[in-house]
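Here's the structure we're looking at; comments come further down.
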Amino acid sequence: MIVTKNHIVQWLLKAADLFEEQQDFLTDLDREIGDADHGLNMNRGFRKVKDKLPSVADADIGNILKTTGMTLLSSIGGASGPLNSSFFIRGATSVMAKEQLNLEELTQMLQNGLEGIVQRGKAESGDKTMVDTWFGIINSLAKHQQSTMQVALDAALVEANLAMKSTIPMQARKGRASYLGERSIGHQDPGATSAFLLFSALRDSILE
Amino acid sequence: MKKIINHVDNVVKELLEGVAIAHPALQVNLDPMYIVRRDKKGPKVALISGGGSGHEPMHGGFVGMGMLDGACPGQMFTSPTPDQMYECAKQADSGEGVLFLVKNYTGDILNFDIAVELLHADGIKVQASIIDDDVAVKDSLYTAGRRGVATTVLAEKILGAATEEGYSLDKISQLAKRVANRGRSIGVALSACTVPAAGKPSFELKDNEIEFGVGIHGEPGIERRTFIDGDSMTTEMVSELLDNKPYQRTVHQWDNELGQWNDDTWTSEALESGDKVIVLINNLGSTPQSELYVVYRKVAELLGKQGITIERNLIGTYCTALDMQGVSITLLKVDDEMLSLYDMPVNTPALRWGC
Amino acid sequence: MKKIINHVDNVVKELLEGVAIAHPALQVNLDPMYIVRRDKKGPKVALISGGGSGHEPMHGGFVGMGMLDGACPGQMFTSPTPDQMYECAKQADSGEGVLFLVKNYTGDILNFDIAVELLHADGIKVQASIIDDDVAVKDSLYTAGRRGVATTVLAEKILGAATEEGYSLDKISQLAKRVANRGRSIGVALSACTVPAAGKPSFELKDNEIEFGVGIHGEPGIERRTFIDGDSMTTEMVSELLDNKPYQRTVHQWDNELGQWNDDTWTSEALESGDKVIVLINNLGSTPQSELYVVYRKVAELLGKQGITIERNLIGTYCTALDMQGVSITLLKVDDEMLSLYDMPVNTPALRWGC
Amino acid sequence: MIVTKNHIVQWLLKAADLFEEQQDFLTDLDREIGDADHGLNMNRGFRKVKDKLPSVADADIGNILKTTGMTLLSSIGGASGPLNSSFFIRGATSVMAKEQLNLEELTQMLQNGLEGIVQRGKAESGDKTMVDTWFGIINSLAKHQQSTMQVALDAALVEANLAMKSTIPMQARKGRASYLGERSIGHQDPGATSAFLLFSALRDSILE
């Protein structure tokens, strides 16, 4: 199975719908340990992405992702804006001019995206951020490079869910939640959650 | 929740439309959102700040002669985006370069960093300097570092005057570092604020509880404490401020030659007997002016006992968290240069003197 | 109720102590309570106002060059007493007489009246002039008449400038009457305030209710209305303001020759297309600055449609009811004389420009 | 039976205690149709009167009342300050230099007091103010000039209570409550209530 450009477009549309649907949930998570805007931020950003998609319908995967990153950069703001933007812009670098991706290429794209987040945000695994979810996903995909797309993505989704949940007992060391010190323990990180949603949209668009 | 707004999505836009009509001296751009002075004079360094909305009058209310050249408002409590900062800086730059004054939050830092990189690519001399004055945050190693709060207002005043005086970008950046290392703030909330889009208060406090060490984004404070009375609360706040453990952190500064970020180590200065300060008693939102004076009364008494001289005071609504009930106290240790810059004329919607 | 105060009995005293320390240009007397300028210049008419506390920055925050010569703060929401006014006037008088600017409430009128009589007995030329601008109160025959609210701030500015310009007591009294007949205000509360000694909000509103035509003492408004959004509310307020039924009432003025009160009939002036106004968008307590701009935006649009020109605006916290959530809109019709007095330099804790 | 100077002193002390005790009740009444301070005002004023009394122990009734009026003037503020002050200062005029009062003199004193209130405040009967209570009292006393002190005062107390209650259905035409228009109907006037308390303290000190 191969990931087509259409899958990528579907991914972004699905993500936009998902963030609209889950806006309040994400914002509520952010109310616990942040400033109650993460759902608003992600929804605002992906609404803009959705608006923009028709204008890049003819572009290759790399350029679609790059445009997505640029759009998120100028519409989300906050911490998650530049970080999600970096994810797409850096993710785009290895898939420029491509119209389709195999599992290895898809994994490389996501890995580059994660590196973009880390380079900007300097978070490490265990800091209670979106990075935790993406690490879980990339690690799982790396282990399943010989599997089918279906198996690899399903396994990664399971891992993504675990990684997201793993942020609950963590004490935040990056972002706004870190101000709370020990009071950040016991809450699921909003950014780790939106990363999970973003990946689940990807998996669903490819497999469904 | 009742707020004097229309659709939640339009709050910032409509507020800016109001500002545009009210203050013809300001040029308000809506897409992307930024405010700049119309009476741009130069050549001088352009001082620009920005951050999430909801802290009014900061920053837009401080654009004008002697203070900011531009401000970039984000959505409520959400850092603005690099395109706003980039466009704003392009408008405000008069060839002597641009200083971004950034409150230390991950979101603000990341977005301003990108704006710095974009401007550099355009050949504009640029620096970003942080304010991280909230002593409620203790360490910088395991957190995002101290938050930037009300010292920002004093920094904007002092640095703005320096730009009018013709300071170079390097000299102002040095001064910005000095202000950052000498300003300390602490905030307390008696009740939470309500973000329009959220529609409910960001936390609930009992009738005898306060959030001690609260920031300006409706996030809970460092600790929930018992409220006794105004004097006790003020005393707790001042003793937190007078704690002199040096605060050290790594900040990155833009290298305009090499086009890269270099790490630098900044260390806060101690505040001791014999020092001179500017005191800012700041309404975090819905605190009556009368109560600010009750706080100031106690602060003056306590600083007097420590041998610290209050050179100037500012008591009012400057750096808010929407309708949060509470107050912050800022002490900025000053020297003669800072003081004389502070005293220079300023003409902005929210701060004006000497002209 | 949580407030940054100590014992409820000491709120006003401690607030004044804070003011005294914060503003060395003001002389603060605690028994009886009043505030006067230290830099008293003369000879000129002394302009004095006063009223219950809880409206800060009014009036104490407006004492200084170009505005008030003295202010008499009462207990929270309670008119001050004649001994305060008498002592304050004795301090401020420089031989040209004293004008008391009185907000139209039974308590304020009665207490200031007695002070007038006391000063007259001492041979001091004195007048009391009322501000009664709150259009929510419809008739003067079956009520205590319109309340004095935020027009008072503009009156203090304009009349204070007139004293500096050397206007005689008679001329200033005439001007005061003109201001009173040309100012109109309307207030709305989204939630009530809490008087410290009372300890609970003075009324309860549902999430879709506002008190329309509310005063500045936490009393309920004229009518409870449904809150739709900021623009609708502003539109209702402005249409109330633009209702031009002439408002006529009997006021008494002190006859300094005969030493007696004489009745006079005052009639409000219409506000029509072609007129010029100063607009004051006033935070009644805990309304974020951002929301005031949302109101101003709509006010400007609506006045524009009526052909009324906004010459100046003032948008902020000037005349409050403690922590009441709400806003008032004041329109003061001005002529060139009033406008040039308004523009003259002023240097007070809460209003400053031109110096 | 005769009213002595000591009765007058007892009256003022009793009134002070009563206003302290009833402070919240009066303030609550004022919250309904005023600005929630009437109890605070009366209590503050009479606390000062109580403090002041020892210094006028040797004075005659007229001077005690005058001092009371001056003290209230500089301590109550609001509408009730000058009005209660006028009540005492004007009441004092006909009892100057007296050490005791008969029913007629007492009635005259109260009537003068009422006239003082009316002259300052310009309220008429039916305006929903303290004037209503005092009118009821004076009218009743006028009718009972031939009765004993006991009968006259008891009858006046009954009348005072009725007059106070009669303010409930009235629409206020004076003072702060008048701003409410018809919304002032259905609430007992705070000033009418404090006038009732003041008179009941007088009756009790004389008769008990």
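Which chain is which? They are A, B, C and D, in the order written, and residues in each are numbered from 1.
In the analysis below, contacts are C-beta pairs under 8 Å (C-beta built on N, C-alpha and C of every residue); 3 or more make two chains touch, one makes a residue touch a chain.
The shown structure was predicted, so the numbers you read here are calculated from the model rather than taken from an experiment.
By the document's definition of touch, common neighbours of chain B and chain D comprise C. The centroid of the Cα atoms in chain B and the matching centroid in chain C are 32 Å apart.
A separation of 56 Å divides the Cα centre of chain A from that of chain C.
In whole angstrom, the spacing between the mean C-alpha positions of chain A and chain D is 75.
With touch defined as above, chain B holds no residue shared between interfaces to two or more other chains.
If you sketch which chains touch which, the chains link end to end in a single open path, with no loop closing it. Chain contact summary for the complex, chain D toward chain C: residues 27, 31, 33-37, 40-41, 44, 73-83, 120-121, 171-176, 178-181, 183. Across the complex, chain B is touched by residues 1-7, 11-12, 14-19, 21-22, 53-54, 56-57, 61, 190-191, 205, 207-208, 210, 227, 229-231, 233-234, 285-297, 300, 313, 315-317, 320, 322-323, 325, 327, 349-350, 352-355 of chain C. Listing the residues of chain C that touch chain D in their complex gives 32, 52, 74-84, 105-107, 110-111, 113-114, 136-138, 142-144, 147, 195, 197-198, 202, 215, 217-220, 222.
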